[in-house]
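Heads up, the next two complexes both have chain A, just with different partners, chain B and then chain C.
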Partner chain A sequence: MFEVRFHGRGGQGAVMAAQTLAEAAVIEGNYAIAFPFFGAERRGAPVLAFTRIDNKKIYSKTQVYAPDCVVVLDDSLLDTIDVVAGLKPEGTVVINSKDKPEDIDLGKELRTGVINATSVALEILKAPITNTTILGAFAKATGIVRIESLEEAIRRRFGEKLGAQVGERNALAARTAYEKTIIGKSKAIKKLEPKKQWLPTYQELPVGGALVEGKTDAGLIGPGSFIENKVMGWATFRPLRDKEKCTMCLLCWFYCPEGTIVRISDRGDLMTNYDYCKGCGVCANECPVDAIKMVRARA
Partner chain B sequence: MITIKDLPDHNLFTAGHTACPGCGVAMSIRNAIRVLGKDTAVYVPASCAVVFGTTFPYGAWKVPFFHTAFENTGACLTGMQAAFEKKGKQVISAGFAGDGGTYDIGLQSMSGAAERNDNVLYICLDNEAYMNTGIQRSGGTPFGAWTTTTPVGTKIQGNRRFKKNLADIVIAHEIPYYATLSIGHPLDFIRKVEKAKNIKGFRFLHMFTPCIPGWKMDPAKTVEVTKRAVESGMWTLYEVENGEKKITYKPGKMKSVKDYLMMQGRFRHMSEEDIRKLQMWVCRKWNLHYKEKGAPQICEIAPPEEHHAVTEEHREMHGP
Partner chain C sequence: MSVKKVITGDHAVATGAKLCRVEVVPAYPITPQTLIIEHIADFVNDGELDAKFLTMESEHSVMSAAAAASAAGARVFTATSSQGLAFMHEMLYATAPLRLPVVMANASRTLGGPPGIWCEYNDSMGARDSGWLQLYVEDNQEALDMVIQCFRIAEDKRVRLPVMPCLDGFVLTHTVEPVEVPGQEEVDSFLPAYAPDITLDPARPSMIGTFMPAEYIMELRRQTATAMESAKKVIMEINDEFARKFGRNYGGLIDTYQMEDAQIALITMGTVTSTSREAVDELRKEGKKVGLVKLRFFRPFPSEDLRKILSGMDAVGVFDRSISYQGGGQAYNEVRSALFGMTIPIINHLAGLGGRDVTMEQIMKMFEITQRAANGEKVNPVNWHNTRGETV
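Up next is the complex of A and B:
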């Protein structure tokens, strides 16, 4: 049995990728299942999806804990999540990144396939949705499915839902990625430490779940503690403000749903705190004097 | 009257929350709490706002926050306010419920609080479906919209019912203040929240909050889409103070509803006939609301004089 775990962000299409891969395997006469991890996912939040492929019937319905291949749709996830957890030693990692395999630090030396899927997707699909692109890289790096059956699966699945033209474009994105994928070995420098969690005993738990502002070993808890949750990894684009053009109308500050644009009244100025920017682009769209431009966040 | 410049620098709903990029609910909440200030206690029933704003043990709110079940926003606000009054504290009890928690599930509780005219502030964040649970139809979903429970098939495409007229239900309780708000009209938004803050009794603020994944649209267009909704008449900005209705913003020229619909993936499947049906509903609403006929090139069909012109067509269109 060949097991794959997809790490993505909500909206990138990790679930679609898992399903399309399963369909490609079925086209080749194998058995396959695909399913997502259910949680309270928002767009941009880390998500998981799984695919199992075998040449006989599959009865296992659990999550994949020891995958043969890990597919990472967004390299910003590498900083916060141990994507290679449980990966078999001879397993493969497929990553969407602009770096070369030997520059990617996974904490282990692993066979790594790299594709700059965001660039390919932006060029061909005109949107940073990297699921079909990364599947092309998967086919090249693992050889578990042929690229032809993958293209066929993409045409079927996407064509049915979004029209034949979209299906064709996505198949082209997969083919382009297949040809551009670089395979090498990753670095093993960083020591992966699991993120600390606040785990109180039952005596310490507040009655009725009531929480007051507090500081624990794992960081802040209670009111206002979300300030520690840096979300810059969600962004594909980020705003750049031209101070010369800006008229300080404060509309961007008013509209920003995140608190990325910080106002400093004493200095009569605005500041952009990219730690919290999810790259929605509302500020650039609403600026009355076009002083804000959206640029690639990690180019 | 306060403007954008008079709002405080710091926000009582901190950054780092986990809403989708471009979330209309996050925008509305952040700006409402800016105006309401720190002497506010917040109640949020089951909704996106509770998932992205408070994930135990973390929280984005810097004001007292309370959450229980879906259907009791009105009752909880009443209880909170009673406790604060007993303790002699001057606090605004504000509830941020979604459209599901107001139109459908929380209606009885909201009605109870409105009928008793309890001194609370009820805010409905209307994104026109149950977005938190994965986009199911609610009473607030407009005609033709795709949701997972009103799918697009070969025989029936999208929601067949028109948006429920919640405004009239709320106003019928003879409450001191009801207002509709849109994040795309900042001055109007700030003025209405400020007004509701200073009124005694049951105040209801109805906010129009686009949902990026549920409406299937570009996250950068959140504000633009609310502006188009107002310009086409899909959303109207007004306030009702002690039974007196006042229109607070009237678009200069009525725009076709198609401009608004084609921005969103949830409407993109709509047939010409369905669009005409929805346009007629909007024209009638426009007629009743602004006391004038809509733009002649858009509303070529005169809306029926009588609301109960009983044909099958109109029976289906129980609009305002």
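Up next is the complex of A and C:
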């Protein structure tokens, strides 16, 4: 059995990647299952997806805890999540990154395949959806499925939903990534400490789970605690406002779903708090005078 | 001082709620509960009760408003029945684990289809796993007294769960009998004001009922289950305190009648208990050692009490006014679980479904069949009483 864990962000297509990989394995005559694990799913939030591949029916319905391969669709996740947790020592990591394998610090020396999937996806698909691209890198780095089977699986799943042309373009993205993937070894410098989490016993949990503002070893809890939950890493793009064009109509301030646009009343100006901006682009979309442009948050 | 009044079960329940000084009453009418909320509306209108009376657009909204008002720190009462209870089913599950001590009377009524308005327990039985405490009363006095006890139980820090007292539709709701109405000052000294630690208060922000991932929900379920278990002791304590103060002792989780030397026991719920008391008297006159166990609380289920009182019986009959479409009624199945490992024959007696009258004759038949099982005769484990088809 070969087990894969995908780390992505909502909207990048990690779930679709896991399913497409399963389909490719089935095309080759194997058995495969794929399934997601979400938190409160939102665009940009970290998500997990899993694929299991075997040459016989798979009965296990648990999450994957000791994967043979970890696929990371967004290298900003490396800062907050120990993506290689549980990875078998001889396992492989596939990462979407502009860096070379030897420049990527996973806290362990691991066989690592790297592709700048965001660039490939933006170029071929005109969108930062990296799922098909990263699958090409997966095929190259692991050899578990042939690139031809993946192309076929992509044509089927994406073609059926979004039309043959989209299917073809995604297959091309996978093939391009397959050819550009660099394989090497990651570096082992950082010490990964598991993120602390507030885990009360049933007696410690306040009655009915009702919470007032509070502080624990693992950080704030209750109302206002999300101030610690900075989401700048979720953003592929961020808004830049042209002050000359801006008429201060405040539509962006009104529409921002996260309230990250702040009015500075004494100067009659606006400020974006990028710590909490997920780069959704609603502000740019709503701006009636095109004063807001979305620019790449990172390369 | 208490006053004797001749009132319906619905009037008794409404009077109990008034004496508890309930602060918010979201309401939606449904037969045979309607009189309860009409009486409360009158109390509020006449200035006898200082409460916010909210006429809602549905029962789902009633329970939503009840949960929210309770979370805001108010003492909340409402009442429903049958389809109304079914309609608020989703919100029942929101109220209990959030530990909101709402008290809601349920006028037991058959849950359609087919539609009917008379007494059956299939409405409240559908809510038995929602985390609400559930009890079934026998007469109008108990209906009034239990509303008062229910608020004490619900608001007790060891419990903090919603409670659903159920009274038989029409058999109690629309029947008048003498009821001793306690004085306000007596009730005030028995039931202090509700004072929760955390409420929805703008001055002290809190989160109640927000999204909770799997890392916490197991602990929350365990906490709720522990509270339900703790309720057994609290119910007994409050029963005893009430008995000392008001002179009426209901026994706690169960009540018993003529069980001291009984060899055959019948377990009943609601008003059938009342008629069964007379049946026991009749059979005792004939020298038969029969007794009665009144299942007062269905949640928490009094497994320990039943094992104790039923130990050594020759046979036990269990009356059910609803069926789970799987081997008899709900009480029967719970009793069988409670008595697991004991070798007593347990016989189910289904009667009164859809509001069909449960007569003295039928209750005698229940004792007779149970006696036959005690004698070692082969009898049906589940018996449909007064139901056309093969006779039992």
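Following the convention adopted for this analysis, the second predicted complex is superposed on the first by the 290 of 299 C-alpha atoms of A that agree within 3 Å, B and C clash if a C-alpha of one lies under 4 Å from a C-alpha of the other, contacts with A are read in each partner's own complex, and residues count from 1 in each chain.
We take it that a residue touches a chain if its C-beta (ideal position, glycine included) is under 8 Å from a C-beta of that chain, and two chains touch if they have at least 3 such contacts.
In this text the structure is predicted, and so the values were computed from the model without any measurement.
In the superposition on chain A, no contact is made by A:164 with either chain B or chain C.
Contact with chain B, but none with chain C, is seen for A:280 once the two complexes are overlaid on the shared chain. Looking at the shared chain after the overlay, A:212 reaches chain C, while chain B stays out of its contact range.
Contacts of A:229 after superposition: chain B is touched, whereas chain C is not reached. Taking chain B and chain C in turn and counting the residues of chain A each one touches, the greater count comes from B.
Of the two partner chains, chain B is the only one that A:45 touches; chain C does not reach it.
In the superposed model, A:295 lies in contact with neither chain B nor chain C.
In the superposed model, A:271 makes contact with neither chain B nor chain C.
Of the two partner chains placed by superposition, only chain B is touched by A:259; chain C is not.
Of the two partner chains placed by the overlay, only chain B lies in contact with A:250; chain C stays clear of it.
40, 209, 211, 222-224 are the residues of chain A that lie in the contact sets of both chain B and chain C, per the superposition on chain A. Against chain A, in their complex, chain B makes its touches with residues 4-5, 7, 9, 11, 13-24, 26-27, 30-31, 48, 51-53, 55-63, 65, 183, 186, 212-213, 218-224.
Chain C contributes residues 71, 97-100, 160, 197-198, 204-213, 215-216, 218-220, 222-223, 226 to its touches with chain A in the complex. On the side of chain A, the complex with chain B involves touching residues 10-11, 40, 42-45, 198, 209, 211, 220-231, 234-235, 249-251, 253-260, 262-265, 273, 275-276, 278-282, 284-286, 294. Contact residues on chain A toward chain C in their complex (touch as defined above): 39-40, 197, 199-203, 205-213, 222-224.
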